[in-house]
Structure formats: structure tokens, C-alpha cells
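Same chain, two partners: chain A is paired with chain B first, then with chain C.
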Partner chain A sequence: MPWFRILFLGLISLLGFNNDIFAQNTLVSPQDFTAFDTPNDAGGSVSLTWRVVPENNKPEVPYLILAATAPDGPWFEQTTLVNLKSDYPQYFGLSASNKLWSYCEITDFKQSLTDDNPKPITATTYFKLAVTDGSKTLGFSSVVSAMHQGNWFDASKINILIFVVIFSFVIMFFISLARKNPDLFIRRIPGLDAIEEAIGRATEMGKPILYLNGLDGMGSLSTIAATSILGKVARKVANYDSQIKVPCRDPIVMSVCQEVVREAYLEAGRPDAYNQDNIFFITDDQFAYAAAVDGLMVRHKPAANLYMGYYYAESLLLAETGAAIGAIQIAGTDSITQLPFFITTCDYTLMGEELYAASAYLSREPLQTGSLKGQDFTKGLIILILILGSLASTAGITFLVNLFKTF
Partner chain B sequence: MIKRQLPLLIAFAMGVIFIIQFFIPHQISQDLLTWVNKWLMIIGGISLLLGIYSLLNFHYLQIFRNKPGWGFSLIMFFSFLISVVVGFTPSLINVILPLPESSVQSAEQVKEWYRITGLKDGSSLDWIFRHGITPLSATMFSIIGFFIASAAFRAFRARSLEATLLLLAAVFIMLGQTPLGGMLWSGIPDIMTWILSTPNTAAKRAILFGIAMGSISFSLKIIFGIERAYLGGKN
Partner chain C sequence: MDNTVLLGVWLAVGLTLFMYSFLYKDNVFFRFGEHVYLGISIGYIIVRVIFNNFINDLYKPLVEDRDYILIIPALMGLALYTRFFTRIAWVSRVIFAFIVGFGAGLGIPRTIAGGIFKQLEGVLMPLAAIKDGFFFNADGNFTLVNINSLIIIVGITSVLVYFFFSVEHKGVVKSVSRVGIYFVMIAFGASFGYTVMGRMSLLIGRCYDLIEFSSPKYYYASIVLLIMLILVFIIYEVVIKKGEVLKTNE
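And now, the complex of A and B:
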């Protein structure tokens, strides 16, 4: 039956079941081997890339990188690579075609594979890539060269730069809007409204107010926000002729707080009532600080405790002791892990961004409220992008999601 | 005037410089960051003297004015003195009371401990830390367990719809974390996982977005001198 034989051979040919199948274990020389300065870095590194070849791309096939200071050698073995990495989006972008390339970064020049004291690359270096079967070299690439240099712009952060510029313009726009129309609406924040009530209560009871700035130093935004609120609170305290105690964990924060409270008392026309000893340093040890503040609470029984700033595991130790002595408690933190503890134990809690908004809310200055409006507008924009991004991802379009990737 | 304008000028200049620095990977930019960070550490170290003065002054006044709890201030002075003496005579305590071999920590943990604290193995300050500060800190930390129980007792009362939801979520999470939950009903661990991964994560992300927006806006206000309350006085 010749027609059957012809059909059978045709089918085999279509399935690719021909003589080449026996050659599939043959390794091929590295292809499109290139060397270049690693982009977006401080310098000191050269990147090597070559095309992924299915025949070679197996864990049992190691690549060997050789380097030399001259194009004709002598060549020194640098490193052996197995399980090759591909797709390095922070350097090469998020294009799907990047998966077709393998890459390797070289930062040092070795005299041999076992050289324990490699020297940094200082001049143009020549590279050669070899495929091996573990014992002998089976094929070399062409010789390529590169020299590293520091870069003056990190292109992988371009999306962050664009967002910062847009966000800054939005904030500035709303600030200028607030200058023209100072009566911008800001939603009520009960926690901040309650500060006045807490100070009044403390005055009536003749007891002090305890104000904590969190456990971070002055380099933390939440501590800066806390000291801003402290200024407003201290002014009210001075007006009511009450007393405020500020135990600090950081000596720099203590100095700033002393200055802020002193200025607040001056503004209130009560410089005589200011007592620097009420703003004092305790210790920088987390639990020793918590123990000392708990001791203060138990001995002095403040009428109001205000916890602003960033907190760690000691938040519950502080707030639960405050609840036990019956003080009115207001907390404000951007520490997401400690928020539940404050919500459980305090009368009012400023959550996350409300801590940053507090200064604007209490001052009601157009410049400050304008920035709040700008912040809300950007949040609305982000919600819109989130919805669009979710829909696009569901439809298999990753462009919008990739725009917001950070490296 | 200059007392107020100079800090604002410094804040503006440093803010702008370090926003730009974030986008420059060059070695010069990295060196600038390292240099400023070193200065921050030096200032932090010097400011500790201010802290020590404040601490001693506060406790001196407590004792001098015979305020409630002045005895604790006396203990503080005593502890401070011991730490200073021991710090200047490194092997004093170690000669009298040699440090026992740690049976709890692995060699890596012990190495990491010395790296973090900067203490020398077997020194007298190390002895004080191991036998004083560490157990005292552990004691304070362990109290959190009891405080969580008392806080939960107050919070988990079904007084309103929100409180009831909180109570239900807490029951599922607590049962789901223990073998008992799975034994009672195999669906409890799944409900726990869903609560943690879906509504909990969604709420956390919403708060995180707010924090991110708030911190950028607040930073801009500081850089451009709109927020200046941290300097004291009127905005």
C-alpha cells in the first residue's frame, strides 16, 4: 500500500520526528554575546548578555565566563554559571522579549576561578563566553569588551519622578486655589476636636496632660508631625493654664519639643508658665522607656494622654496603662501594625494620614488646607487608576500595571 | 529673623538635594548620602550628652523636691553610676562573676547580638546587658500578653454592629490559629485565611495609600516651608 506509506512518512515529517531529534543534545556556541556598562548604577559593574538557546538552557550545561585585559588574552576564568537568570526588569525594562536573554553582572577581575582576592574592574575589559559540559569547553562566543561608568540618572525610577512632579503640581495648584478661596471644606476629625475637651478636662481636674512623640527620631515624618501637633496643644495648654509633660526617647526630639513648647507659651503670652523640666529625656531603650512612662502615668495620674507619632510593640503597654488610670486618650499614628491596639484602648485614634493632616486641621490656614485638598484629589486619581488597572489586568493588558512598578 | 529663615532655607536645600539624589545612582551621589548619614550619627551621638543632662537633672529635681516616687530616681542614679564605672573598667564584673555559656542562643544569634549592641564578648557591660537589661525588657514585653487579654475583653463586647463584626472576626482568627479550630470545623482555618487575606489586606492597603499620600504631601510642605510648626512659634 504505497499511499499508506506516503501518508505515514508525511505525518512523521510533520511531527518533526526526523533525524534532527537525535541532534537535540548537541550544544551550540553562545549567540549574540554582548558586554556593556550596567545601566542605572553607581559604576563598578559590567553586564554581559547572550541569547537563550534551548539546546544550552539546562541546569547541567554550565557557562564559563573568561576575562582579559587585552583582546588577545591571556584569558582568566571568572565564574561558572548554571541555572541562568533572565528577565532583569530594573535594568532592561519589562518587555516580554527580555526573557529571551540571559545576563550576568561582573564587578571584579579574578586571576582564577578560586581567586579569593579579586580586584575591581578599572579599565576596559574583554570577555569571552564558553559553553562547557562540566569538564571540557565545547564552544566559544566572540570576544566583546566594555568599561563601567557611574550613571547620572536612574531610568528605572522615571515613573516615580513623573508621579512626584504631577503630585507636586496638584498640591501647588490646590494651595493657590486655597489662597483665593480660604473657606475650603475639610471633613471633621473627631480625634482632633477632642483635644480641646481633653485639655479642658485636665484643667478642671488639676492634673497634667501627658504627650508622647512616638519612638522614632527627628528624621521620621511622623515625629515631625507629632511635634507640629505638640505646638498647637501646648498653646491651648498655656491658654488654659494647665500643665503638659513630654517624656522623650530621643535627645534631639527633646530639644525640638522644648523649643516648640517654649514658643507656644510665648505666643500664648504665658512665658512665665513654661517649665523646661516638663520636657525631659528618659532613655532610648524601647521597653525601659515604656516602663518609665507607665510609672509616670501611675504616679502622676494625668487626665489626658496624647500618643502621636510612630510606635512599636510598646503601644499597648502605654495605652492600656493609660486606660487603667482612667485618662482620656487620643492617639495618632501611621504605624499600621499598632493601630488596632490604639483603636481598642484609646477614646479617639487618628489613623495614618490623619496624623499628617492634624497640623493643617488645627491651624486652618489656607496654605495648609489647600495641600490637604490636593492630597485628596490625588487619592481620587489613584483610586481611578486602581479601578482601571484592575479591569485592564483582568483583560490581560499589563501596560497600566507595569507603569507603576518600582524597582 | 535669621533664626527662623535659616532653618527653613536648610530644610528647603536639603529636601531638594535629596529628592534629586534619589534619582542619581552615581558614586558621587552615594558618597554624599553616606557623608550626610555620618553627620547625622555624629549629631545624634553629641545630642546624647543633652539627654544625659536632662535625665540627671529631672531625677535630681525629683529627689531634691521630695516628689512622689523619688526613691526610683535614687535607683536611677545608682544604676547610672554602676553602668559608668563598669563601662570604664571592662573586666571588673567578669572577674567576679564569669558569664555562663548561653544554652538558648545559637552561635549565629550570639554573633548577631554583639554586632547589634557593639558590646565585646565577655565584657562587664555585656554582663549587665545579659543579666539586667535583657531580662527586664523581656519582662516588659511579656506583659503585652496580659494587656492584650484585658484590651480584648473590653473591645470584644457586642455593643454595636461594628463591635459584633470585630468580635466575630476575632473569634475566627483566634480559633483558626489553633489546632482546636480545625478540629471543631474544617472551615474555620479557611475563614481565617479569607479574613486576613481579603478584607484585612484591603483595609490595610487603603490606610497605606493614605499614609503614602500624606507623607509625600507633608514632606512637600516641609520642603517648601509651608509646614513650619516643628520649628516652634506661629506657622
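And now, the complex of A and C:
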């Protein structure tokens, strides 16, 4: 018997609550013991469940899990468990009946309880469960076996899938509506009206416009929105025969921006005025980028600075320098931590979703307008869920709360 | 003390002061610091990409482990360079479309899970204790178990109304959205103060270093370099610039 098992059982004896119970022989053998591949995971673990027996479910009653590579052994002790939690919603859902089952997850195969170098389970493994009374095993479960495998589908995230599908249908509906009626109402966004004013000012002063796309890559939704706005801004710049400079932190963003600006100049009928060198890569180091853009600002003195996209700690360094050179500054970001800095240093700030709305407002394209309308509809739905859910929760109904649980 | 350590200290102090000199105005020292910083960062990125991405992620698994599936992303990466050849530049657009689509596909479920579901899960809390059909506690007094829940619901609802773009902000909507913008500004104020405190601690850390490096152990690096910097500025402003002004006037 391993030394710490003796110690463990000895401690239970010292605490003085085992003898009476076991003397009365109130413990029962494990029931309905099963082993299976842990659902909704990437593989690597096997789950064991057995029915909760009130007589056994006490802190002083240890279960012992044994494992073997063959049905008839040899058996190796894996772990001792006491007073188990009986529900695991990530794997088994939120059904009340789950509380009737004890649960244990096994990821490694040990040669003994003290094995410090357990091996991952690589083949079908056999398990049995024992209930001990401190000195002897009172009963064994039947032998069960299982092998793990990765799952293609994580059923615990089904609520997210349903929401995505509903949300997609709502968006598509509003896009078709916007195609039929392109003049769907979108409220005025003050910051955007200022863009035209800023471009006009830059043209009058004969100075360039500085446009930043944020520090994230093309995988970020705010960068996608920023490049979309860049297209509209570049078109206005081309019409006004002004100049736009776009320093980038990401080479892929730079390439996308070059395409976007080139397209904008083509649409404006000024392909000759397009200069690819005005959209350039600086570095992907955050503060080196900030230092370079600051230097650019003080040397070229742009008349307008537009900060769209996602920003981090460099936001204040950029916007403060821009304010110091007297440029009109318009920011648009969904970076909550940096918004306060833009609000304090810029003339106009598009907050959060206004950045996404800006693109639709400027373009009036059915695709974007419909998408914006769909988002508004979803926001209304969320407000409704919020109010109804809180009232239901107050009344003790947890259905809506459970519907939005994520694991 | 090891000479390399001493050189490192003097470089660190010098570059720190060069960058801080921007607080005075754009100058040759700041430009030097800026370009050194930029050059080092670019050099570092190139080395990092070659060793981490090209050698460790592509070359070794492909050649040593014969993981041929990596040929596909490698070809996709190479296809980005087709933009330099006008006739086949469209190939790079296909790859860009893949990158943007992949980013959106990865981002949308994550945003819904973290930005909507997690938030709702935390907000859908009981507003009050109900006993015998009324909001009373055990002592028979009116109670709101979780006043925070009520504030949060009012806050979220009004902020969401502010971000409604389909309706004009007039009448009731205007009033509710005004409440929403107050909530937003309170949150921003708190965030602003918190971040400024963080920045102050960064500044203090830098100042601690400068003070430490001004000791005799480091041959008064901070003091010597600061005096030199100030002297150069004075000479430039008083002597050279004044001379230039006089020359222009003549």
C-alpha cells in the first residue's frame, strides 16, 4: 500500500469520523459506472460517471479509480476522489438529472498513485471504481472501457451557432430591404460630417491628410471598417486633388490599403494622381511605429489626422502630437480603453459601433446599410432579452439565463 | 564594472533622453533616437520572421518532418507577391480575400460569445428578492437585493439606445440616449484615470533608472548626458539660430 494512502486513511481515522460509518456498513458498491470519450473536446481525455449514492457521497468516503490496459488487469491506482461534484454543464448540459451522477475526467495513465511521469492515454483503457472504508475495499464496480477521440463539433456552443444563424438571416433580410429601398434612414454621425470639412481644410492649406488604420491586422473587424472608410476618404481626397498619407503597421494592411486607395482614385477618375508610395509600411513594433508617426506629423504637419481602427497604448502619443501641431483630428475606434484619450485630444470621435456605422453612412451601399439595420434590430432584441431575462430571473425562472450560458 | 554593461547604461540613458527631448521640440537627437528605434525594430522583425516563421514553422517541419501539408500555406504566402506582377496580381487578391474571410469567420463567433453571451450571462441577475409576491426581505422591509443589477440594466439599455442608428435622436430616444452617453462618459473617465496612473508608474520607473544611472558607479551617465544635451540645445538656439536670423536680415 503506498505510504500516502496509509497517511490519507490514517488522517481520516484521526479525524474520527470513519469508524462509525464503516462499522455500520452503510456504504454501497458503485452503481451504473460508465466510461466514454469526453464529449465536445479536442480529444485526450476519457470521462467516467457513476450514479450518486447518498450513503457514499460524504467527505470521508474515498472513491478509488483503477485503470488497466487489458480487461483482466493488472490494475493500477489512478486517483482517489471524495465528495464529488456531480454536474459539469460544459460536457453534460444543464439538465437537472445530471446532478444524479458523479463525474471524473482522466487524461493520463499512471503506473501508481505516486507516478510523477504519467503517460497520455493512447489506446482503449479499462476502468473500475472502488469504494473503500479506509482499510479494505467494500465494493467494486463492473469493468468498463473507453478510448478518447477529438470531436468535430462542440455541442456546448450550439447556442452561439443558433444566434449566428438568426443574426445572419436578420442581416440578409435587411440587406434585401436596403436593395429595394436604398434610402433607408441612418441618423447623422457628427464626426463623419467633419471629415469633409477636414479634407477641405487640408486642400486649402495645401497640406496632406494623415490616415491611420490602427495597429491590428486584417483579421480585426475594426481594421476592416477602417479600410472601408479609407476608400471613401481617399475618393474625396482624389476629388479635391489633395494628398493622403497612410503609414501602416502591418504589411498586409498596407497592401489592402494600396488597393483600396487605388480603386478610390480610379472611381474618382484620377488614376494619374494616385501615388502608391503614400501608403507605406513603417514597422510592426508598437512604439517604434508611434515614434515614427509622431516624427512624420511634426515634419509634414498634416492639416487633418484621421485615426480609424484599433489602438493600444500609443493612442495618446499619436493624438497628443497631432493636437500639438494644430491638425483637425477625427478618431474612430472600438478600443474601449483608448477611447477616453481620443475623446480628450481629438475634435471628433466615433465611439465603438459608430466606426462600423460610419462606413455605411458614407457609402449608402445596400450591403452596409442593411447590415447596420440588422445590427440595430439585434440591439433591440438584446434590450428585450435583457429586460425580460432580468424579470424572469427575479421570478426564479432561469430559462433565459441558461440560454446564454457559454463554456 | 564590465565595460559592456557601462556602454549599455550610457546608451540606454542617451536614447531615453533623446526620446524625451521631443517634449522640447522636434530635434536632431529625437530624430536619431527615432531612426535607431525604427531600424532596430525592423531588423528584429526580419530576424524573428526568418527564424520563427520561415525556419521553425515551415522549413524544419517540411524538410525534417516531411509535413507536406505546409506546402499549401507556403504557396498561399508566396502568392501574395504576385501583386508585383500586373498580369497575375489578381491571385494576391484571392489570398487577401481568404485572409479577410478567415479573420471574420474566426472573429464573429468569438465576439458573439465574449461580447454578447458572456455579458448577458452576467447581467441577467435577479433584481430583487421576492417573498409572498413582494420585494421584501425577511424583516419585512423593502429591498433590492442587487442594486447593481438595476444600474447595469439601465446603463446597458440606455447605451444601446445611444448606438441605435435607425432612429433620429429626438424626444424620448434623445433623453434615453443622453442617459446612455452619461454612463459611457463615467466609464471613460474611470478608464482614463486608471490608465494615466499606469502611465505615471511607467514614467516613475524610467526616472528611477535615470536616477540610478546618475550615480558615480555609472560615471554620472544621466547627469553628464543631460548637461551635454542642454548645452547643445543652448548653443543651437543662441548661437547658430541667432546667426541664421542675422544672416537672413542682412
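In this text, the second predicted complex is superposed on the first by the 322 of 407 C-alpha atoms of A that agree within 3 Å, B and C clash if a C-alpha of one lies under 4 Å from a C-alpha of the other, contacts with A are read in each partner's own complex, and residues count from 1 in each chain.
Definition applied: contacts are C-beta pairs under 8 Å (C-beta built on N, C-alpha and C of every residue); 3 or more make two chains touch, one makes a residue touch a chain.
Source: prediction; values computed, not measured.
Novice: Is A:Leu339 in contact with chain B, with chain C, with both, or with neither (first, second, both, neither)?
Specialist: Both: A:Leu339 reaches chain B and chain C.
Novice: Identify the partner contact of A:Val401: answer first if only chain B is touched, second if only chain C is, both if each is, neither if none is.
Specialist: second
Novice: I'd like to know which partner A:Lys379 touches here: chain B for first, chain C for second, both or neither.
Specialist: In the superposition, A:Lys379 touches chain B and chain C alike.
Novice: So in the superposed three-chain picture, is A:Phe185 touching just chain B, just chain C, both, or none of them (first/second/both/neither)?
Specialist: In the superposition, A:Phe185 touches chain C alone.
Novice: Output check: A:Asn305 vs chain B and chain C. Expected answer is one of first, second, both, neither. What do you get?
Specialist: After superposing on A, A:Asn305 lies clear of both chain B and chain C.
Novice: Would you check which partner chain A:Gln78 touches, where first means chain B only, second means chain C only, and both and neither mean what they say?
Specialist: neither
Novice: Once the shared chain is lined up, is A:Thr203 touching chain B (first), chain C (second), both, or neither of them?
Specialist: neither
Novice: Taking the superposition on A as described, I'd like to know which of chain B and chain C A:Asp277 touches: first, second, both or neither.
Specialist: A:Asp277 sits against chain B, while chain C stays out of touch.
Novice: Just checking: does A:Gly352 make contact with chain B only, chain C only, both, or neither of them? Give me first, second, both or neither.
Specialist: It touches chain B and chain C both.
Novice: In the superposed arrangement, what residues of chain A touch both chain B and chain C?
Specialist: Residues 157, 160-161, 164, 167, 217, 219, 221, 224, 252, 255-256, 259, 282-285, 287-288, 291, 295, 299, 316, 336, 339, 341, 344, 351-353, 357, 372, 379, 382, which sit in both footprints.
Novice: Mind listing the chain B positions that touch chain A in their complex?
Specialist: 19, 22-30, 40, 43-44, 47-52, 54-55, 57-58, 61, 68-69, 72, 133, 136-137, 140-141, 143-144, 147-148, 150-152, 154-155, 204, 207-211, 213-222, 226-227, 229-235
Novice: Taking the touch rule as given, give the residues of chain C at its contact with chain A in the complex, in rising order.
Specialist: 19, 22, 25-26, 30-31, 33-34, 37-38, 40-42, 44-45, 80, 83, 92-93, 96, 99-100, 102-104, 106-109, 111-114, 116-118, 120-121, 123-128, 130, 149, 153, 156-157, 160-161, 163-169, 184, 187-189, 191-192, 195, 199
Novice: For the complex, give me every residue of chain A touching chain C.
Specialist: 157, 159-161, 163-164, 167, 184-187, 189, 217-221, 224, 252, 255-256, 259, 282-285, 287-288, 291-292, 294-295, 298-299, 316, 336-337, 339-341, 343-344, 351-354, 357, 360-361, 372-373, 376, 379-380, 382-383, 385-387, 389-396, 400-401, 404-406
Novice: Which of the residues in chain A end up touching chain B in this complex?
Specialist: Interface residues on the chain A side: 40-44, 150-154, 157, 160-161, 164, 167-168, 171, 175, 217, 219, 221, 224-225, 227-229, 231-232, 248, 250-252, 254-256, 259-264, 266-267, 277, 280-288, 290-291, 295, 299-300, 313-314, 316-317, 319-320, 323, 334, 336, 339, 341, 344-345, 351-353, 355-357, 359, 363, 365, 367-368, 371-372, 374-375, 378-379, 382.
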